[in-house]
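Quick heads-up: structures coming right below.
Consider the two complexes below, in which chain A is the common component and chain B and chain C are the respective partners.
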Partner chain A sequence: MKNTGSLNLEMRKKFHLSSKWQRALTAYWMIIPALILYVVLVIYPMFKGLYISFHRWDGLSEMKWIGLDNYKFVFADKIFWKAIKNSFVFAIGVTLVKNILGLFLALVVNQELRGRTFFRAAAFMPVTFAFVVIGVLWSWIYNPTFGLINNLLQAMGLESWIQGWLSNPKIALFSVMVVDIWKWTGFHMVLFLAGLQGISKEYYEAAEIDGAGMFRKFFHITVPLLGQVTAVSVIMSMVGAFVGNYDVVYVMTGGGPFHSTEVALTWIVNTTFRYAQVGKANAMSMILFVFVAIFGLAQFYFMTRNKAE
Partner chain B sequence: MNKFGKKAQKSVAHLFSYIVMAVVVILTIYPVLWMIFGSLKSDTEFYSNIWGWPTNPVWSNYVTAWVNADMGIRFLNSIIVTVGTLAVVLPFISMAAYAFAKIKFPGSNLLFYFFLLSLMIPQGVTAIPIFSVVINLGLQNTRLSLILVLSSQAMGFGIFLMRAFFISLPKELEEAAMIDGCTPIGAFFRVILPLAKPGLATMVVFSGMAAWNDYFMSSILVRNSKLMTLPLGLVNYIGQHITNYPQLFAMLSIVTIPIVIAYIIGQKQFISGLTAGAVKG
Partner chain C sequence: MKRILYVLFSSIMVLTLAVACAQTAPVATEEPAAAPAQIEAAGEAAQSEEAPSIAGKTLYIQGSAITYPGQEDAWNEVNAAFEEEYGVTVVTNFSGLWSDIPTQLQTAQMAGETVDITTCGANQINSTLVRAGMIMDMTDLIAPIQDRWVQSTFTSYTIDGKIWALPWDSASTSAVFYNKTMFDELGIEQPTTYADIVAAAEVITASKPDVMPWVHQGKLQYMWPMWFMETFAQTSGNNSIQYTTDFLSGTRSFNSAEEIAAFEALKPFFDDGVLTQASLDTDQTGMDTAFGQQKAAMMYAGTWEITNIRAAVGDAFEVGVFEFPIVASDTSVLSQHGGGADSCLTVPSFAPQEDLGMIMQYFEYITRVDNANKILSLASPLLPVVSSVTPLDEPLAGDLNAIFLPHTIGFLDWIWPAEVNDAVMAAIPAVMTGQITSEEAAMSVQEAYDTLVAEQEYKFDWYSDWTDEDWAKVAPQSIPTFEVVE
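On to the complex of A and B.
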């Protein structure tokens, strides 16, 4: 039979009081594996990238220090700026549509309707598919002769709307954007749904007693209380549009036609592997980082406040 | 507004909602069904019967696709990389997150925010330098490099999630375990970990999906055809062969159907796993 009284004191002495440092040591070695992996493969490459950006390098031979010249080349690179512009168009367009649609669908699903779970699952499913798979599938959906879209238009008698969805430089980017929207809207719907379900029903009931109609309730209760979720949702789609769309663009158009769908990442990868201008590519990455860091900071901020410390 | 009017308004809203839901379901599911239908059509039927399902399913498309694209090897590689990534991610993150959540030690906050910096360093920005670090480590063209890189990407966000999860577990549990004679480490393995299953499940879905579906980093780090994962194999196949579309669709289906099945079984986990952190609680 344990003599719990004195054993307690012994235990406590052994493991709690005696060793502030033993505790700290335990903590440190529990963190070290993750820390090493993180520093070597996330933090260090950031600095290495900066370092390389000051050199001319083809990836194989000696690096040659050229100071800020790469940055000058990048600023003069028309295709890079086209890629950045495309990235912005992509980002803003996709973010607007995904979030508005997502919110709309969340509002729809939030009602007492049959089949909500099935609907939620169906709408979310594309999120689980690999972007390369989606890209290849949609390339064929967009196919001018045998694809679903043009055939549908023809069947509906809307032949004049038939396009070269991916071959027309003027609309290719938008065609790719549609694919991104198709994949991710369900994700944003789920985010907004969770946000909506976090709003206490009492607010709405109180408003109804005061005679508020649908729109009044939406703008005065729903919108303000969705602030945090909206911020996170918007930031995530903006960041994703700058650094997460390599797969889909590469597979569907490779950046063409005529760089009309070239985005920041595809051009960086091209510069590295096709043109072997590794230093310049790193300079581009640094510039891209500056653009994205602003959103990253915002995400950092929104995710660390309001959370249990 | 009188009672009848209100009821009518609600019914209209509901009808409208059902229509919207139906449209969305068609838009999301039909392309996937179309992909599966297409994979079972013969060459000629693929071009002539665009909408409907295959009249005489050509199951051999799957066999040909499997063989021509070396899908067996690709599958194996994808499994190795995904399982490997999880084998690294789960222990590393659990330990670190537990330390942050439950142990008071100097530098705790600083280190935690250091990990959170990864939120500001999106994957794409460091891809090229990561490539050169991998070369420096002599790991180019290996699946191990993929495992390590994919794992490293999960550290910041994963620690953030698991720490929040551990914090939500009551402190009494470890104290009870230690009274019964466990060391803090023992308490961790025997009491906390089993209770951490939901949090771990989230990590599994999140990191597992990212690893399984990855193309970008994989294409940069692995060039050897024998080591390619499914996404790489898919793109490689397209580049190299004049496309037989039904077979291509069979490939797409082979890559996608496992995920669909897993998704149907565990949608709740998928949905909560992939949106964790963005949603409170």
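On to the complex of A and C.
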């Protein structure tokens, strides 16, 4: 006859496993709808795009297999590489400014200031506007004849500062970057604000007792404790800047003047729909994906490495 | 369990990859179109029958945003009357830029959306859409009502002897519009040469520092090639069309002296202060507004702009016109301007074949005298494309018809493929502002052509390679019968 005690133990173990299995299964059932959407809208198009990139196709007639020729064409496409360079400049530039400015604003609105709710809302409001609306708005702000900026500079006697903000190839890209920064800084402010509010005041009190000043408290308490939030914020802004700049560039400059504001996405869309070179455009998309993936992974590694160590 | 889930999700990814690679390009699901002889026989049989009822159907029309003031209301009024008379529902979508039409069509086709009729431009018909097989051959479809149009306007839409679109709005030419009142006030004679233009600009700048001598809608990149067409017409000794055909056929290089000279002739407009940086940031509305508010003394545009100019100027000042100045060293050349029937209505090749009767009935309806005048009178019809439309009562019409129209040739961007067109578009302001030299500009256009040939096997006379199967995809399967009201 079996020992009742050990039999009970076995049954408890079995029950425990079943229960764990059930809980896990329930959780995975919950995410299956999202997973299906993800597969259909992201994974499938990605593989389909990879397949198309080995063909010559105008989007209508039958595809013709050409192997790696599209990739050769892309590597020889000077405008594509100019667009990639512009994309990197855009992404790195807006990421740096958005995060620095976002952190600064978060620090400010985290203080006990009168009207800070209003300032928080005001800073976040551009985030809610569509890029097309913002693009048209800023196109008029930058207008050389009727625009706010040039007219303000003229009124202040600074005519020498008047520029073709969107027509000067040397500054057009930076003018577009300003718009992206203006739109998204509020979002990063909110991220950092959440992080700041998660830092216990005791750290600052202890530092004050030890005689730490404002800058020491910031660099030795705030910055380290915001590490995770900073990593998320930077990665989000970097990836978003790479793949979310189409609207603003298209509306404001269309990629001009002389491709000085051309980014990877605008050139890919142009190649697909204006030139009907869907295969080549997909090859460009694959190359862009590789760049963004490598960049993103490297960034993630360096930003989270210290935590692991 | 982790291992099981890992296997499960990996299987999903591999399966997705297999599915993605297994599918081929969309293949027409309808039955193959009949051979041409069969279509003709079917058409003849169909004409002898009564027009089948189109009641209960829906007609989908799309196109770019309507820019002529009041024309959208006119379209709505005519469409409502068509709906009432024929029991058809008309759904219109006029949005976006004219240059986005190929994108709109391609997107609609990929998404499986129904598009029965689309507005379009001669540029897109000739350079992109027809050769891509996106447009239906309308030659036999419009036979019963073809005489409603000014026949010469079909030239812009005839390729390989076939008609691919119906001219719409108005035929046009290009001209420099100027503030005649300001010129008279400053004692400036109407310019004819580039030296006259520079002299006029100097007087204007000195007397009215806040006024730009000349404004252009340079923010719209597709409006720059007009400048090159003017200068190239002169530097080529008025052979620009032939030289362009030769270039696209591969027998002439764009790197030739005449093309380089044409780019070079544009640079002084910025160097001499005729054009300013402001033009690079100005769109159509900005240009009309600047001219209308007397912040600019001259503007270069097409006659399609006349209605907008009149709306912007009102009674503020008298508007005059002159031809693009002579910039070539050989002053015996003519100033030749791009023009023709710019806009059109056409039928996508993927429009449902069963809708052709309804589509043709709609074309018949909107080209009846009253309806055509209702819509097209608002398009500044200096030279109407539909014969029954009353020409524009415009003070400048006399000069434009007598002097400009005889000097009008087809726009080169109606012949250039999109890639070449874009290269020219990008090069012109870059040359004008000193970003690149004229030689580099010409080289960039030649490179665009060479790339097109290498990557897409581009051929100017693409139709010579089309098979019967290719032609069948753009041909109507049968010629529908529709009511023609005289």
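Quick note on the criterion: the second predicted complex is superposed on the first by the 255 of 309 C-alpha atoms of A that agree within 3 Å, B and C clash if a C-alpha of one lies under 4 Å from a C-alpha of the other, contacts with A are read in each partner's own complex, and residues count from 1 in each chain.
Quick note on the criterion: a residue touches a chain if its C-beta (ideal position, glycine included) is under 8 Å from a C-beta of that chain, and two chains touch if they have at least 3 such contacts.
Here the structure is a predicted model, which is why all the values come from computation and not from measurement.
**Q** On the A-aligned overlay, A:I100 touches which partner chain: chain B = first, chain C = second, or both, or neither?
**A** Neither partner.
**Q** Check the residue A:P169 against both partner chains and state whether it touches chain B (first), chain C (second), both, or neither.
**A** In the superposition, A:P169 touches chain C alone.
**Q** I'd like to know which partner A:I92 touches here: chain B for first, chain C for second, both or neither.
**A** A:I92: touches no partner chain.
**Q** Between chain B (first) and chain C (second), which does A:V223 come into contact with in this model arrangement: first, second, both, or neither?
**A** neither
**Q** So in the superposed three-chain picture, is A:A206 touching just chain B, just chain C, both, or none of them (first/second/both/neither)?
**A** It touches nothing on chain B or chain C.
**Q** Quick one: classify A:L158 as touching chain B (first), chain C (second), both or neither.
**A** neither
**Q** Counting residues of chain A in contact, which comes out ahead: chain B or chain C?
**A** Looking at chain A, the partner in contact with more of its residues is B.
**Q** According to the stated criteria, A:L68 is in contact with first (chain B), second (chain C), both, or neither; which is it?
**A** Once the two structures are laid over each other on A, A:L68 reaches no partner at all.
**Q** In the superposed arrangement, does A:Y142 touch chain B (first), chain C (second), both or neither?
**A** A:Y142: touches chain C, not chain B.
**Q** Per the contact definition in the header, classify A:K48: touching chain B only (first), chain C only (second), both, or neither.
**A** both
**Q** Return the residues of chain A at which the contacts from chain B and from chain C coincide.
**A** Comparing the two interfaces on chain A, one with chain B and one with chain C, the shared residues are 24, 28, 43-44, 48, 59, 146.
**Q** Taking the complex as given, what residues does chain A use to touch chain C?
**A** 21, 24, 28, 39, 43-44, 47-48, 50-51, 56-63, 69, 73, 76-77, 142-146, 163-169, 254, 256-259, 270, 273-277, 280
**Q** Where on chain C is chain A touching in the complex?
**A** 1, 5, 12-13, 16-17, 19-21, 23-27, 102-103, 106-107, 109-110, 128, 132-134, 212, 218-219, 221, 276-278, 280-282, 286, 289-290, 295, 418-419, 422, 426-427, 429-430, 433, 435-436, 451, 454-456
**Q** In their complex, what parts of chain A are in touch with chain B?
**A** Touch list, chain A to chain B: 4, 8, 11, 15, 23-24, 26-28, 30-31, 33-35, 37-38, 40-46, 48-49, 52, 59, 105, 108-109, 111, 113, 115, 118-133, 136-138, 140-141, 146, 148, 151, 182, 186-187, 190-191, 194-195, 198, 228-229, 232-233, 236, 239, 242-244, 246-247, 250-251, 264-265, 268-269, 272, 278, 281-282, 285-286, 288-289, 292-293, 296-297, 299-300, 303-304, 306-308.
**Q** Enumerate the contact residues on chain B facing chain A in the complex.
**A** 13-14, 17-18, 20-21, 24-25, 27-29, 31-32, 34-35, 38, 46-47, 50-51, 88, 91-93, 95-96, 98-100, 103-106, 108, 111, 115-130, 132-133, 148-149, 151-153, 155-156, 159-160, 164, 167-168, 178-179, 181, 183-185, 209, 212-213, 215-216, 220, 230-231, 234-235, 238, 245, 248-249, 252, 255-256, 259-260, 263-264, 267, 270-271, 274-275, 277-280
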